[in-house]
Amino acid sequence: MKKLMNDPGDLVVESLRGMEAAHGDILRVSYEPAYIVRADAPVRGKVGVLSGGGSGHEPMHGGYVGPGMLGAACPGAIFTSPTPDQIEEATRALDGGAGVIYLVKNYTGDVLNFESAAELCVSAGIPVETVIIDDDVAVQDSSFTAGRRGVGATVLIEKIVGAAAERGMGLAEVTGLARTLNEEARSMGVALSSCTVPEAGKPTFDLGADEIELGIGIHGEPGRERRTIRPARELVEYMSEAIFSDLPFHRGDSIIVLLNGMGGTPLIELYLLYGELERVARTRGLHIRRRLVGNYITSLEMQGFSMTALRSDDRILGLWDDPVHTASIRWGS
Amino acid sequence: MIRCEEIMAWVRELDLVYQSNKASLTELDAAIGDADHGINMVRGFSAAAKELSEQTPPDIGAILKALAMILMKKVGGASGPLYGTFFLKASMTCNGRTSIGAEDLVVLFEAGVAGIRQRGKAKEGDKTMIDAWEPAVRAMREAFSGGGDVSEILRAAVSAGESGRDATISLAARKGRASYLGERSRGHQDPGATSAVLMLKAARDTLA
Amino acid sequence: MKKLMNDPGDLVVESLRGMEAAHGDILRVSYEPAYIVRADAPVRGKVGVLSGGGSGHEPMHGGYVGPGMLGAACPGAIFTSPTPDQIEEATRALDGGAGVIYLVKNYTGDVLNFESAAELCVSAGIPVETVIIDDDVAVQDSSFTAGRRGVGATVLIEKIVGAAAERGMGLAEVTGLARTLNEEARSMGVALSSCTVPEAGKPTFDLGADEIELGIGIHGEPGRERRTIRPARELVEYMSEAIFSDLPFHRGDSIIVLLNGMGGTPLIELYLLYGELERVARTRGLHIRRRLVGNYITSLEMQGFSMTALRSDDRILGLWDDPVHTASIRWGS
Amino acid sequence: MIRCEEIMAWVRELDLVYQSNKASLTELDAAIGDADHGINMVRGFSAAAKELSEQTPPDIGAILKALAMILMKKVGGASGPLYGTFFLKASMTCNGRTSIGAEDLVVLFEAGVAGIRQRGKAKEGDKTMIDAWEPAVRAMREAFSGGGDVSEILRAAVSAGESGRDATISLAARKGRASYLGERSRGHQDPGATSAVLMLKAARDTLA
């Protein structure tokens, strides 16, 4: 394992120092407990949007803290959910009197830790609502299992919910919006190589020289099946079918898509994949109204990509277009 | 008689045990999870051994509660809240007590496991740590009813826990991260059930 | 070799299709010959800023086409400079009457091909000036060799020169500015792993399990020396010494820095490295006034990073802050 | 007598030769450059063979000029302009000619190599294709002065080119991408000198 770090146990904290040094204009960092919060927090009278999860998915979530997107982010250890004390403190730092919404990716650890934090905050008088994001079609859903994983939709939902909060929407309305967005979003990923958890020191899984893992999770969890690598065109078609037939998306639907790299995939390949996706969407009569192409929710240095589609009406597109100023997503004035 | 002394020894032993099993627990987790279980446990119990040696709480309930808080803060993931809940619920059975006996010990573990069950909503057969814990506490209660002492009770717990842990190998996961794998999770031993048995063994070696 | 593509020979063109589909609001793509040009080109009366080079360094250069930065970009085959016909056509598409400046990284192939294009354009009556960028301190400079390579400074120079052109500066002034910027910039890179040229099918070089290549070039050209990997802190110190002592930078200087990933390095590591760089700069009395942290000039999926420092006065900082709207760098209104 | 026919055969042969040496040229370039030289040559000469077979220019000068243009458009990198210049300058020595003789051939190569020298500014000993070209054209002139025919001239060129190419192994590069390596470039054969010799060999096999 070769990584650009010092002691593996310090990676997360030392990376936070870099974030703080680089983006002091938009965010503040607390180290004990660890969280990132908007420089202007608490924003009086506006709902706070908080997310978090294991580290190793950068720029998710710290790169999305700033006006128009997240109010705060709680980074856990690599691939390990944050703990209730972090979340509680971040909630207190963020709350401007209008309550806080937690956007939580559906993993047992995240769900349990955010649950504890919400209990602590609610009993301390801070209104908290939690929305669980579970958009990964690679995993069979069932009420008897942990359900689907939360993946790429998280980025899109954080942007849109952040805009809604920035506009001054109340906690109930923002929560309803987040739930609707989650219902309208579907994702799937594929890995060409494994990632290596720094403290583990070796790859999480092994893939043969021409094998890929279809339906990979963002922590390197195995997916649907292992296959021989196929041309990009076929991969995009396979994943499109899985995603678009799941909601299902219908001819004429407007969508926002995320064509996401897992961290180790060159941008030239991501744009090629986006070109393929655009072609497939056109064939299916889907209108890609907005898109992101790049590394937005990663798995350390894993090679691979994921695709997310979110069905969107004009109201959602409007929120999408609202100004945003974070380390990794920025537009508008 | 189990005194604060022994409980503290248990915590120190857990720190050592998870350190020496860090790689193997992480490898089990790599196969059906995200390759961090050993790392998580070490982070939690190293901090616990260190912090508890500094603050030395006055009674068993206080030690276990402090331990619970440290685990909740340090471990994260699924196992953090679950082991945290285990010790929190366990601590409530012995508030203010500076020594406990065989039956107290059984009650302590039963309460802890009930906490895990309630928190994680897993049942036996879901391929989680519950598959080690449930048979273990049943065996403890049985051994106690049969007149067993602390040592016998804990030995029964270890052996039942081991069987439950081994049984996870052939199961398909229905809870936790491994459940995303469904059928593909069969053939792999659950990391949490493995760390649970290590906890029982450490108890056997330090409390009896 | 596993890559997300179809036929290796089509990678560049198919990636261009994705760029076009994703960013039609800011750019147009020509395929025969291949170039990317601002959607609003030619911009009447303003100097056109054109760059180009081998593909495989994305987002450089296509990701920097748009208002406030590049007017056009000419992508060659992977790691191979573009050809004169591409550059000539792009120049014609871009020129709005005020001439065109070529920003060329110092590689024999790039220099020769841009030279031919410039001859063709000048003889066709389009004023063209060429500025060669050669900021890589890893390579010994000498008038008897090809000289230093052009690397990270290119991104910073494209931004600032783009702003100057947008403000309406004339060709001579823009050219002088670009030359000054190049003189004030220094860079160095390090690789943890090789990249694989798609058509070559195997890694360009082999590194041992704990080896790194100090002074790597952006095409995987070997650098100063091969060493055992060191903690990030030491790598940053080593590279800082090489960079800062070269110009040299002086206590009290204001600088813009680029902490750049080579394509396969996770963002969490890049921020950690930035934290280290910020510390070193502080110790040396250098003021980091602006910075970019991320993948800006890459080498396919190579793991590694480079650092660039550009000495900047208030005028340059002002140009840096001017609005820019490209696929990969965007701020201001 | 070399007619359009033979020149076209040379181009087709170059296409085949670079295809079968694509991997080895690229590997040489991987060692001291950027691993694309074989790829670049194939891209250029495949296009040339195809396009020239379609357009069949009327004379040798026209064929070589068309070839130059295609190489300049398709090859890119350092070798594109250099080989492009070679054929452009070469074409100027035989504008409108449908056949050329031994001396014309020497003049053609001399002009081409002068173009490379002027364009790339490399000298012998800089570890570039010039190290194969310069001795090759010197040998051609000598063979011609000694009364050699086309076949002898080209065999002399190949053998001198080979020696020059082999001599690049021990040199430290002073031009092109390999120059960034300085001393570390020693011990590796220059890819461009290697492709130059292949070009001479193809000429020997098709023009004589």
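First chain written, first letter: the chains are A, B, C and D, and each begins at residue 1.
One rule holds for everything that comes next: a contact is a pair of C-beta atoms (placed from the backbone, for glycine too) under 8 Å apart; a residue touches a chain by one contact, two chains touch by 3 or more.
Here the structure is a predicted model, which means the values were calculated and not measured.
Within the contact network of the assembly, the step distance from chain A to chain D comes to 2. Distance between chain C and chain D, defined via averaged C-alpha coordinates, is recorded as 32 Å. Per-chain Cα centroids separate chain B from chain C by 54 Å. Rounded to whole angstrom, the centroid-to-centroid distance between chain A and chain C, based on C-alpha atoms, equals 29 Å.
The set of chain D residues touching two or more other chains is empty.
Shown for chain C are the residues that touch two or more other chains, of which there are none.
If touching chains are joined by edges, the resulting network of the protein chains shown is an open path. The complete set of chain-chain contacts reads A-B, A-C, C-D. Every residue of chain D that touches chain C in the complex is listed here, in rising order: 26, 30, 32-36, 39-40, 43, 72-82, 119-120, 173-177, 179-182, 184.
Of all the residues in chain C, the ones that touch chain D in their complex are 33, 54, 76-85, 107-109, 112-113, 115-116, 138-140, 144-146, 149, 197, 199-200, 204-205, 217, 219-223. Those residues of chain A that touch chain C in the complex are listed here as 2-7, 11-12, 14-22, 55-56, 58-59, 63, 192-193, 209-210, 212, 229, 231-233, 235, 263-276, 278, 291, 293-295, 298, 300-301, 303-305, 327-328, 330-331, 333.
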